[in-house]
Every structure is written in C-alpha cells, then in structure tokens.
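In the part that follows, the structures are each spelled out as structure tokens.
Each of the next two complexes has chain A plus one more chain, namely chain B in the first and chain C in the second.
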Partner chain A sequence: MEQKTFTITAETGLHARPATQLVNKAGQFSSEINIESRGKSVNLKSIMGVMSLGVGKGGEVIITADGNDEKEAMEAITNQIQEELGE
Partner chain B sequence: MSKVTTRDLIDRFSLELLSGEEGIYRPITTSDISRPGLEMAGFFTYYPRRRLQLLGRSELTFLERLDTEVKEERLAKLCTSNTPGVIISRDLEAPPELLESAERSGVPLLRARDTTTRISSQLTDFLDAQLAETTAVHGVLVDIYGIGVLLTGASGVGKSETALDLVRRGHRLVADDSVEISQQHANTLMGRPPELIKHLLEIRGLGIIDVMTLFGAGAVRPFKRITLNVHLELWDEDKAYDRLGVDEDTMRIIETDIPKYTIPVRPGRNLAVIVEVAAMNFRLKRMGINAAQEFSDKLMDVIEDYDRDEF
Partner chain C sequence: MAEHIQGIAASDGVAIGKAFLLEQPELDIQKETVANAEDELENFQAAVANAGKELEAIRAKTLEQQGEENAEIFSAHLLVLEDPEMLGAVETKVKDEHITASYALHEVSSMYIDMFENMDNEYMRERAADIKDVSQRILMHLAGVENTSLTATDEEVIILSHDLTPSDTAQLDRQYTLGFVTNIGGRTSHSAIMARSLEIPAVVGTKDMTSRVQSGDLLIVDGGTGELVIDPDEATMDTYRERQREHEAKKEAQKKLVGEPSISADGQRVELAANIGTPNDMKGVLENGAEGIGLYRTEFLYMGRDSLPEEDEQFEAYRSVVEKMNGAPVVIRTLDIGGDKELPYLDLPEELNPFLGFRALRLCLENTEMFRTQLRALLRASNYGNLKIMFPMVATLEELRSAKALLQEEKSRLHEEGAAVGEAVEVGIMVEIPSTAVAATQFAKEVDFFSIGTNDLVQYTLAADRMSERVAHLYQPYHPAVLQLIKNVIDASHAEGKWTGMCGEMAGETTAIPLLLGLGLDEFSMSASSILPARSQLATLNVTVARELAERALTCGTADEVEKIVHEHV
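For the complex of A and B:
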C-alpha cells in the first residue's frame, strides 16, 4: 500500500473543477484509492465523496492507494496535485 | 476521541449552570448515567466517576439528613477530576456543600426542570446518538418501500443511475456516493449524507443534479436506517451467482451484519427493477414468507414421496 500526505495550497482549495480532475485521474487506475481529511476517508474515484470533504486552503489530505498499479497511481496523483493544488 | 462535552448538554437541554463553570468543556465518554444513591450512603468502592451523576429528590432528601461533616466528605468524593458533571433534577435546591465542592473541583453542577427519570432517558438517548461509532461508506443509500437499501459496488458500475431510476419510480434518495453511517444501538445502522452533498446525485454525462428540486420534497430523506445491502458488480463469467436465494450472505458495517445480495450487472438488465424486487422480497421474508425456502421444502416433500412410491 502506498500512502502520501499533501497540503492543499491552492487559493480555492479542493474546489469542484480541480476535484473532478483528481477524481478522473484516480479513475484511470484499478487500485483502491482513498483520500482522508480531518479523520474522514472517502473513495478518491467518487466526485461527490471528494467534494463532501470540503477541503480548503491549508487543508491536509492523506492519499492511500492499494492494488496492482498502486505505484503508478500514486505517481500520477502526486503529479496532478503538485501541478496546481498543493505539495 | 470524544465529541461531546458538558457544554453541549447545557445548550441542548437548557440546563442551568449553578457552579463549577471551569469544567464545562469536560468530555463525556459514556452514555451511562449514574444515580449515586449508594455513594450518598457512603459506599464509594465501585463509584462510576466518569459518568454523569444525576441527583433526584430521593438522593437530595437523604443528603439533608446527614451530618454536615459526613455530607461534606461524601460530596467532595462525588466531584472527582474525571466527573463530567452533576445534574440536579426537578429544579430542586442544591445543598451549599455541593455547590462548594463542585466549584472547588471544577465539576459543572447543573439543574434541570424535568423529573429524574425523564431527564435520565433524554440524556441517554442524546448521548447514545452523539457517541455512536461512525464510518463512511462508498455507496448510495435509497429508501425503497421503507427499506433502507445501501447500494455498493465499484466506481462506474451504475449505482447513481440505479438510484435515479428508483427515484423516478417514487422511492427516496438519502445519500449518493458517500454515506455517513453511525451505529446507534446494537444492530441499528443509521445512514445520512454528508451535509455538503445532500439531495444531490452525480450522473455521468449530466453532472450534478439536485433530486429535491427536480423531483420534489417527497423524493428525498434526511436519514434512514440501513437494513439491506445490494452489491452491484460487473458480470464475472467464472463466478457462481446465487440462483436460489436460500442462503444469506452478509456485509459487516462497524459491528452490525446486514443481509447482502450480490447482483451481477450486464447491459440490458434493468437494475432498478431488480433492486426494487430485492427490497420487496426482503420485506416479504421478514413477514415470514420465504419463497425460496418454501419452494425448497416443497421439492423436498416431492422427493421424499418419490422414495416411498418406489417401495
């Protein structure tokens, strides 16, 4: 299982559009991918779940990937987040 | 990690704070309420100090009869550093020794209007709900003919589409995609949507739709007890699916097992109808009519008669 913690630095936080891009990226992999924020964990492939977290600027999220392509998935998600969302 | 403090009780039940204000943010870790009758008689061996202490008319009348010294000693023992609060019912007068002891140890001393039994059951209900274990499940919760059905399955298998179809047929949506579940009493799972996405449904190709504005207030529910799990999965040629329905599979959420049906998905299968019938059949079973079992019994009778005919 792969696990990584990110801090969201984007001004708008995990808003609808960036959340969608992240969910679409996660959907390309078969691994089970979860995102956790403030003790609540949801499936990263579910747009409604991710948006229900309401992660704002400065929020910390933990992403875990578990499955056959967990390494590739984590790499792609890391790139996606670093591009515009945070670090 | 505790979520409830004595402060929440003050707000919720409009209690009057008499003394010990320092401790109003003390956490409440158990829903059990203690009525310290034996303690007032001097028996502190098993004193449940972490519980809320509730003093009613009998405890207070008994206290009145004690000598001041004894009273002071016992009331000092009642207010420990772990006690989340002492509540006096029926708007009764608090003994000055108790006011003092509560202030000294920082245990909030509260007063309620209601009778002891009443306040006790209200507190237990409230604390049970607040302290219930919770979890989030990826799935869709729909109320079908009064049965709370949790649809689960991999992303993109058609959970939300099935829910939309069910709503069109007059059933109610509770939560889409993410269901917050709490176990309240033993074997009772309550599901509700995260606040931000209630009444919403995400349909691929359409985006996010608001079920309540589209279909009306009758198409949604704020929460629902979960009694059945229908798991959708892509049809796997190598897997044997239930053909009879005699055996029951279960899904475990927190510490509760609920019946689980696994329904294979293939183009052309009308999932909403299948899920609807699954819920109806489940209701029927609870009313004591089990079609699969009855059929199996009948078949057994015929087979037994067949043996008899031979000889």
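For the complex of A and C:
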C-alpha cells in the first residue's frame, strides 16, 4: 500500500475543476484509492465523495492507494496535485 | 379550429411544424419493495448505462457544434453518473432494504443535493444542479418515460418551453429546431438573443403557450411579428408559407451583401460592427460580414469560474479575436461586472441599488490589481491587430483620467520588460450615464472615441429599470430626451475630430437606423445576425432625408410620435 500526505494550497481548495481532474486521474487506475481529511475517508474516484470532504485552502489530506498499480497511481496523483492543487 | 396568439417577436423568420413540448415530467417516486433485488440491480445498471450513452452522444454533439466550453457541462454530468460512491450507495440500499432502485437513487441523490446546495460556494451549488439533472435522467430510464430531451428528437419540431436556460440551449440541435416559443422573456432575454444568433424564428413572452398546446399539434411561429397560430387551416398555412418564402428570399439577397461596404443610397459610408461575448462568436461575425467588432464584452472570461482569469489566458482570448479580424477595428470593453452580473469569488457587498452602485469601472478602479492584469493583457494583444480599449460606466472625468493613468503605467512597464505593444492604441469610453452624455464636449477632448450604450443610457435617463415589467412602458429608447443625448455625444465627438459608435440593442433596429444615420453616427454595433439586414436597409436610405427626419424627431413630444414619423418615412 502507498500512502502520502499533501497540503492543499489552491485558492479554491478541493472544490473546483482541478479536483475534477484529480478524480478523473484516479479513475484511470484499478487500485483502490482513498482520500482522508479530518478523520473522514472517501473514495478518490468519487467526485461527490471528494467534494463532500469540503477541503479548503491549507487543508491536509492523506491519500492511500492499494492494488496492482498502486505505485503508478500514486505517482500520477502526486504529479496532478503538485501541478494545480498543492504540495 | 385555428387559434391566433400574440407574443413578443424575438427572432425573425417563419416556422411551420409540429410542436414539441419541452418539460421535465414530475416523477412520482414512492417507497416500494421489490421481490428480487438482483433483478432490480440489473435494471438500475441498465438505466445507468443507457443514460451514459445518451450523455456521451450529447457531449460529442455539443463538442462538435459549440466547442469545448459547453461540452464540459456534459463531461461533469458523466462524472456524476459514474460516481462509484453514489452508485455504490444506491446498490447497497437496493440489496439490503429490497427497495426499488428509483427510491434508493432518489434518497441518495437528495442527500448529496441537500449537502451541496447548502455549501457556501457557487461552484458546489452548480454541482447540485448537475446531480439533479443526472439523477432525473437515470430515473426516467428506470421509469421507462420517454426522455423529452432537446437532443432526443430526430424530426423537425417547434420547441415550446416555459423558458430556455443556457444549458437547454447548449443542447438545442439547430438541424431539428424549426423555431421556438417560450412563456416568459422579452426581446433582450437570453433565449431571444440566442435565437437571433442561431437565426431560428422565435416568439417569447407568450405567457401560457405551453398549457395551450400539446406535443404534436400543428403550429405556425412568425418571429417577425410575434404571431402564433395553433391548428391553422390550409388557407392560413398558405399565407404563412408565402411569408416564409419572402423571408428566405430576403435572406438570400442579404447574403450577397457579406463582402460589400455599408453605404447609404446617396453614398454615406458607415461602419457596421458586431457585438461579441467570447471568441466563439467570431464565426457568426465573419459569416455576416461585420466590418469590425464594436463591443467585445470581456466579462464572460471572468464568469462561470472560481478565480480571476490570468493575464496570459486573457491575452490569448483577445489576441485570437484581434487576429481573426485581420486589421479591422476591435473595441474591447474592460470588465463590466456588478449590477445584474455577479462574480461570486470577488465577494462583492450586496447593495440596495446595484445598477447605481459598485460596478464596472468603479469596481476596477478600487480593485487595481485585477484591472492592471486586464490592461496588460489588452496592451499585449494590441500588437496583433487594430485593438481599441473602452472603459464602461464612466460618470466623471476623474474616473477616465485614473483609468488612463493606470493604462499608461502598464504600458511603460511593458516597454521596460521589452514586451511588444501596439502603436497608438485608441482609448474610448462607453457613454451610458447621462452626466457623460451631457458633458460630452469635455470628455471628447480626452478620449479617442465614444460608444453609446443605449441599454443603460435609456434606463438611467428615464429612471426605468429595464428588468421591471411594471415600468417596462417607461423604458423608451425613442424618447426625444434620449435622442437629444445621442445627438449631443455625436456632435461633441465630431467637433474634436473623433468618432462615435453605438453598441446597444438599438443600433441594429430598423426604426433606429434612419434616425442614427441622420444624427451622424459613425459606427453601428449589433448582434452579428442584424448586420446584413441593416446593410440592406442602409442601401435604401438617403442621408439628407435622414438628417431632416432626425431633426423633426428631436422636436417630437413623445417616443410614440418619434416612432410614428419614422414609420411614415420608411
């Protein structure tokens, strides 16, 4: 299992289009991918799940990937987050 | 029995065909149990798959006909449709509680809709609307109800609807839409403007047409007069077929004017330009032979998003328009937000009287960082063609001077950075506040051009809110006071060797054109679809006669008298 912590620095938090793109990215992998914020964990492949977390600017999230392509998944997601959402 | 109804003429042309009532059926969803949960799950999965195919098709069609931006609406819908959390929750409910998939979906989607609707974030509230749309689509498949989606029709129809929203219009298929009719709206409402730009005959403001007509009824729509006929007899059909032929013939004749100059019968040249909102509108502009862009409304770049557009993004949009016009003038108006147009992410204070409040240039002069970004993008784009900058809502000379100072600062900065900026970019103002129209002589010394925004000028001059139906009769573009202000502005610019344009709806109206020609207007900017009719009308006018007409109009007592003498003349 892969696990990584990120801080969301985007002005809009995990709300807008970049969040949609992140969900799309996660959907490309077969691994089970989850995102956790303030103790609540949801499926990163679910746009409604992700948005219901209500992560704002400065929020910390933990992403886990578990499955055959977990390494590739985590790498792609890390890139996606660093590009638009945070660090 | 033929029935005649009068609505508001919104888009010229005659349509004869079957009515198609566009409405979302109210689905009655009750909590019911199912004997076999496995079967119900299969039904659900099939409904989701069908909805997905439908959405894919709509998305592809939208992408092809209207481009990426509108197609994105349906990409978002697909994402919701495929959402594993939502699908999973519905499936679990069906399995565990043995309830119908419809009821389970209704419960799950309502939960999300409630959650998103209550969030303090415009973007999230829009997503609630997406979830509603998508679950409605699945529910209709589950119920086996025919989906009266705009794209589901494959025969030519006249669409009837209470109103047409932007997302409805994104789905409108030009090929199958003969015309449309709405219960609400006026000549300047979204649906009417859209109909004119798509050149679809339309009548709006019919109040209750959707309850008088059923899908399949034969209908005539005359978008030129606002007349509707339900169940016409043969003789009536013939009359309207004749009108249809006349209209088509007129349009054909006008098509020949695409590359021609705009010139009156006695040789007076004017410029007929187009109003646009986004670079996507350029197709219509070029097809209709516009000689320039008289108004590029930049606020669409700022709308429907969560943060301000960056300099490069703006630069690309401006540059693409300027380049496509190939040296012809392009007047770009700086951000005109506030009033009826809001930007949630700017967090503007609510005002009692937003039209007289913190909007347009007033907002930009306070929010200088945002304004400077736009000015820089404009200056950089000016290097690629004939770009002119226009400030909206100027009430005082101080405002104009402040805006020009900021522009000058950014120009110097760009020079220092080594960025290319067009030579001698003209700077003008929109004249829409009476103070500026009255003091036009003073303003004319400090601008390169004026463009009269009649939509606001009329509402401020007569103190009549153009959105309020109760005072609609006071919103009078032909009021002699408005004509006097227009004359004052044109004369003041000419005295300084400058020019005046007009970019309100009025500039494209048959009644207004002879008056404006007579008053000496240099540039008429209108919806692209009005350009060819205007050019053909202009060719029949005589400027010396138009001048006399304008002089007589200025001495009239009422707007009605003005319209009367113009109609007698043309």
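The rule we apply is simple: the second predicted complex is superposed on the first by the 87 of 87 C-alpha atoms of A that agree within 3 Å, B and C clash if a C-alpha of one lies under 4 Å from a C-alpha of the other, contacts with A are read in each partner's own complex, and residues count from 1 in each chain.
The rule is short, and it goes like this: a contact is a pair of C-beta atoms (placed from the backbone, for glycine too) under 8 Å apart; a residue touches a chain by one contact, two chains touch by 3 or more.
Just so it is clear, the structure is predicted and the values come from calculations on it, not from any experiment.
Superposition of the two complexes onto chain A shows a clash between chain B and chain C. Of the two partner chains placed by the overlay, neither chain B nor chain C lies in contact with A:3. When both complexes are overlaid on chain A, the residue A:40 reaches chain B alone and has no touch with chain C.
Legend: residue contacts after superposition of the two complexes on their common chain; A:28 is shown touching neither chain B nor chain C. In the superposed model, A:11 lies in contact with chain C only, and not with chain B. When the two complexes are overlaid, the chain among chain B and chain C that reaches more residues of chain A is C.
When both complexes are overlaid on chain A, the residue A:68 reaches neither chain B nor chain C.
When both complexes are aligned on chain A, the segment of chain C among 1-9, 91-99 or 181-189 whose C-alpha atoms clash with chain B is 91-99. Within chain A, the residues touched by chain B in the first complex and by chain C in the second are 27, 42-43, 45-49, 51-52, 54.
Chain C contributes residues 76, 79-80, 82-86, 112, 115-116, 119, 121, 123-124, 127, 131, 305-307 to its touches with chain A in the complex.
Against chain B, in their complex, chain A makes its touches with residues 27, 40-43, 45-49, 51-54. On the chain B side of its complex with chain A, the touching residues are 136, 138, 155-156, 176-178, 193-197, 200, 202, 208. The part of chain A that touches chain C in the complex is made up of residues 11-12, 15-17, 20, 23-24, 27, 42-43, 45-49, 51-52, 54.
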